[in-house]
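Read through the structures below before going on.
Shared chain: chain A. Partners: chain B in the first complex, chain C in the second.
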Partner chain A sequence: MQIWLPFRRAASPTTARRRILPALATAAVTALALSACSAPTNTPSGPEFFDWADVQIAADGQTVKLWMWGGDDQGNAYVDDVLAPAAAAQGVTLERVPIADTKDALNRVFTELQAGRNTDGAVDLVWINGDNFRTGKQADAWFCEWTDLLPNMTLVSDSDPLLTEDFGTPVDGCEAPWHKAQFSFVYNEATVPNPPTTIEGILDWAEDNPGRFTYPAAPDFTGSAFLREVLYSVSGGYENVPSVYSDDAFAELSPALYERLDQLAPSLWREGTTYPATSEQLTKLFADGEIDMMMTYGPATLTALVENGTLPDTTRVLTVDDGTLGNASFFGIPSNSGNIAGAMVVANEALSVEQQVAKADPAVWGQFTVLDLDALSADDRALFDALPQSPVVPTFDILSQNANPELSAEWVPALDDGWRTTIAAR
Partner chain B sequence: MTAVQSRPRRHGMRATLLVLPAIIPVAIVVIGGIGTTVVQSLGLMPLVGTPALSVDAFESTDNLLGSALLSLGIAVVSTAIAAVVGFFTAVLIISGNWGGRIVGALSAAAVTVPHLVGAASVGLLLSDSGVLARILGIPPESWPALVAGPTWFAVIAEYAWKESAFVALIIVGTLATRITSYDETAAMLGASRGARLRLVLFPLAAPSLLVASAIAFAYTLGSYEVAWLLGKTYPEPLSVMALRLFNSASLTARPEAAAVAVITLLLTAAIVGVAMLGLRRMRAWQ
Partner chain C sequence: MSAGTTSVSLDKPVVHPPRRMPGDHGSPLTQSRGVARVLRIVSTALIALWFALPFLPLVLWSFANQWMHPAAFPMEAGTDGLTAAIANGGGLAFLHSLLLSLVVAVIATPLGAMAARALSRGHVRFGKAITVLLFSPVLLPPFAAVLGLNVLLLRAWVPPAVGVVLVLVAVAIPYTTFSMRAAYAAYDDGFDDAARTLGASSRLTLWRIHLPLIAPALARSAFLAFLVGWSDYLITLVVGGGHMITLPLIIASSASGVGNESSVAVLSLSAVIPPLILLGFIARTRNLDPGKQR
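The block that comes next holds the complex of A and B.
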């Protein structure tokens, strides 16, 4: 039994060296072979359609994979149970691909384009907006100029700034609107009897009630939107922040934002030493009663969360005098989709009055419509007026009063990075 | 030992040919993936613009050193705990009594739990208003910051728990067939329990303990979901940083993400390389 010492000198290292050389050679060859298909050189433009009938013929029998954020049960149920059957009636099979982050879909498309997969990509339709849309547009990843063909686009106002520009990026027919959203602050009526009425008031309230407020860490979508809300507030209103990004504007305006958040940090949950990573974690803190105020860019989901007991009955949406950010979200079709016609049929169906009414019902999903209600026929308009009211979320008219426009998408990563290096690292 | 060395070379060739079907796909995926990452990190595969060789991506990433140290710290601590706990778990399992069987079944079950599920469970258990805090009746404000706190407790606990089960099962696998005769011989010759553990069990288990720890370390350094879910916002481990940059909306961030991944890879390769050198020096391995 001479084996009690676990270590001793190795016998012959030369055999190992002999094995490493061929391995290195293989690595080099494989790397070279892969780098041969580097950056996307061609921009696939997709098929050409002359009219809607053309699209319908091409779409018949196609299967459309809709990649969308899967964290919202109501949204998933709406797509599976309401939208998919309507698409099936037109010969298009709609398959929902749940993803953790919209960027996953975008990254999939980029990777496919990098690899030269230009005509039969895995993504046919994406629920998208903002910086993701802009990034895709920069990389020529979208199929464009297709929304004019959709018959239901006539129900949408062509002068609505929320729908012609997506976070300052011209839509240019590269995406079809799906619904509108309004950034909302949410509070617990039981613990905040006299809620503040402005953004600055909310920050003051947070300082008066240490540990009862926080926001998700940028680049989370909601946390990032909160930064823009505070930027508007400390700049004296959205009018004072140029929508188009410039380094000068950022250098001039952002210090006030970070100074205010730095001042606020010690009063936050966990003294601002850490932040919830996602808006779901923020909601959990609110649901557990650890904080008394939170925020969401999707107030639509609140009604159901209160009804199923996740959130307290005393949950209320706070309307602030200075208004909050509003945006619209869209359907985008990647240029390398093999089912473009089918995707167009789905996007068109989603814009129909029936679908928009069904989707706006708080019991179904509660998403605000993108249709121009004033231009609808009296019968169609009545369908929207007859929708049940949510006890938690005010109507879109009230919620979107003084709505602030979104900044151009270039602002988003700049503000996020600045927050990370100044506030998160403090 | 001499029999192995005197075998004709042909024999080795045949063995190599037999494993080729397994090696080729692995090589294409692993080497291909690494190759693409290196090429991207050097700016040769941009999403937009013309490819140009540069090391900008390595230079422009903030707080790389802090993240690297944090990653290493988490991986070293959780692997060390996993190695110690895993070894003693294995000893308990091998003892063969009913307690050992239960622990064995628990370890086997723990290995099948995906890390993401494990992280979510640890989060629900240890967070401020988590299950444990509720059972003990401690209000959130007086509960220690185990999740997302400065000590990275929840992250380390999750990795240590999952990897200790993995380490234990690997050790059990190698020891189960040969331990009884050695152990009984030593006992016959009058070795005490402690002496048998130190002089028989540990040396025999050492190679698989080292290999299992190296695998656990490499995994811990490379995986992101546990640290992302249970970790602090800042500083962030390398893997979380790489993913955040990869998912960033700005197109220039992709090479930076690849650069962070390359650095993670080099760190892992260095540590695993050291472990493999150590393995070659082990008596029980020869």
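The block that comes next holds the complex of A and C.
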């Protein structure tokens, strides 16, 4: 008797389907690969605008995605609660994309450009400076020559070296200033009653108080800024260090730096056998009372950190006679953004007196303004003068006294590598 | 003479002993006694402690407004962390994460099950090569793979949300395939054959016999696929292009700063709870009584 086997059907439709499906799949993959290869990869230059009114018309109804480092709650709240409503009043929706590292935004832009997506990029605006700006500029990824169109740029000094060069890279209208920062040494008033007043004095203090001082390992942003501070100090001031990098200048000046740091190392936290990897870890050590002095390139956040109890009440910013490094951070617009006009409106709004005053309030964010205070009207100037004083951080004009310019970006990896081979490998 | 059979009451429910399946616990052969029993309990407790301990500071931080170094416990309790987590967009991110992970699980689980069934029954040519191919998304360094793949997706004008789901499904398939292969290795096709010889259609067999029998394995592999979507940072950010702000994005960006410990703790806890609940459900799944009349 023939048994009917349900699983051994020899019906033809199934076999036919078995042949068609792989063929279809292969065809689809080939088509995808071909379309991927044929796309052009030239760099876009973005739209052209004649005047500001032109920009405003184009911006109306656009949604701008601002990619910014999201590790600062105050900064996030300022953008969401203060800047975004102001942008909305001008017809632009501002959405924040929180990222752990600004390089994530650059990666997205580079990938889009590589894929030939030149007019509808997902990144409209980036909070940026220094190395990331330079990388983007080298890759022609920024929309340029747009800052002159912003009406509020007239409030910014066009001869301020902090704003015309970003870590030695000419800005060239490829980014609009947002705020300034000043490298600051921070100490605990309760444990350091007589703080030193110079960089050399800080190093001497560290040797007199073994284990109470350290700095983040280069290439951390703050750690490598500390190397530049000490380089200025051991060279007898920033005037003696040429801002443009050369092998000769490095060979002449760097040995004194590493010799000084080598001498200092045994007096550091854990005898200099290990260093905090990031400035966040350094701040944590200070917060936990393991060290009495630290440093930061973002003194703006200190007030809030003291208020919420992360840092002790006796935290104070140290002003040093030799002055410290200063820099500015900016808004960059990728050249392939689909909402360039909207991004320009946001950057312009962020430069307005109202926004800069609100942002400078330590209770809001405490970021130093980029506006030229001397060029403001008396009324506007009064708004800045009326800002509440932080008990922790001095005002910007005191903090930035005798401010040192940043070295060009090529210095940074050279100094970092030297530190790694001489100090870290001790 | 009255027939004895008439006295059988049909209303009385027939009590079957619970159906035993291979691997069900409680067999006298596998029960430990004496020292072995004590060792088993102690080691279980230690492992449970090892798993649970990291959550203790997380819970404490979640409700700590202030907690500085020398203090063993938070100095001031409160909900600042929760407020900050919500202000950072934690609520919406939670919903996005949930939706994304469910979509990934719903697509990757049946695909993995089908691949596993075909591979384990050996009617696939080049089975070994296909297995290696299926596992390649796990073997490649994710960063390189994602950046390269993203160029392709962008050139093909794949919408960002679809792209994220496509790539995450590809990452999840090795896990679902692997866990379903183990299930199919222990699965007896005789159940299906028996149902078909008794006249059940193939659809009815799948629905009433096959799926109920592999339900626990399906739940396990769906859980793995869910976790792939739930924990991803890189693909969601790079391929999604900021269109989809999920919980890992908020956690990573918050955790990269100082002084956000309590909001990061609240966000991390809220990221741990849904998988734990799912895990609880999976621990309870048994074979759904195959062939039951509903």
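To be clear about the criterion, the second predicted complex is superposed on the first by the 385 of 426 C-alpha atoms of A that agree within 3 Å, B and C clash if a C-alpha of one lies under 4 Å from a C-alpha of the other, contacts with A are read in each partner's own complex, and residues count from 1 in each chain.
Here is the rule we go by: a residue touches a chain if its C-beta (ideal position, glycine included) is under 8 Å from a C-beta of that chain, and two chains touch if they have at least 3 such contacts.
Computed from a prediction, not measured in an experiment: that's the story for all the values here.
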Touched partner set for A:G289, first chain B, second chain C, both or neither: both
Which of chain B and chain C A:P219 touches, first, second, both or neither: first
Contacts of A:G309 with chain B and chain C, given as first, second, both or neither: second
Which of chain B and chain C A:R134 touches, first, second, both or neither: first
Chain B versus chain C as contact partner of A:A409, first or second or both or neither: first
Touched partner set for A:D73, first chain B, second chain C, both or neither: second
Which of chain B and chain C A:A424 touches, first, second, both or neither: first
Contacts of A:K65 with chain B and chain C, given as first, second, both or neither: second
Partner chain in contact with A:T273 - chain B first, chain C second, else both or neither: first
Common ground on chain A, meaning residues reached by chain C in one complex and by chain B in the other: 6-7, 32, 35, 39, 101, 104, 107, 114, 288-290
Complex interface listing, chain A residues touching chain C: 6-7, 32, 35-36, 39, 65, 67, 69-73, 76-77, 80, 95, 97-101, 104, 107-108, 111-112, 114-117, 122-123, 280, 283-284, 287-290, 301, 304-305, 308-312
Of chain B, residues touching chain A in the complex: 27-28, 31-32, 34-36, 38-39, 44-51, 62-63, 128-129, 140-141, 145, 148-150, 182, 185-186, 198-200, 202-204, 206, 228-229, 231-235, 244, 246-251, 277-278, 280-284, 286
In the complex, chain C residues that touch chain A: 65-70, 75-76, 80, 84, 87-89, 147, 150-152, 154-156, 160, 193, 196-197, 202, 233, 237-238, 241-243, 245, 249-250, 252-261, 263
Complex interface listing, chain A residues touching chain B: 1-11, 13, 16, 26-27, 30-32, 34-35, 38-40, 101, 103-104, 107, 110, 114, 131-132, 134-135, 138-139, 211, 217, 219, 270, 273-275, 277, 288-290, 409, 412-413, 420-421, 424-425
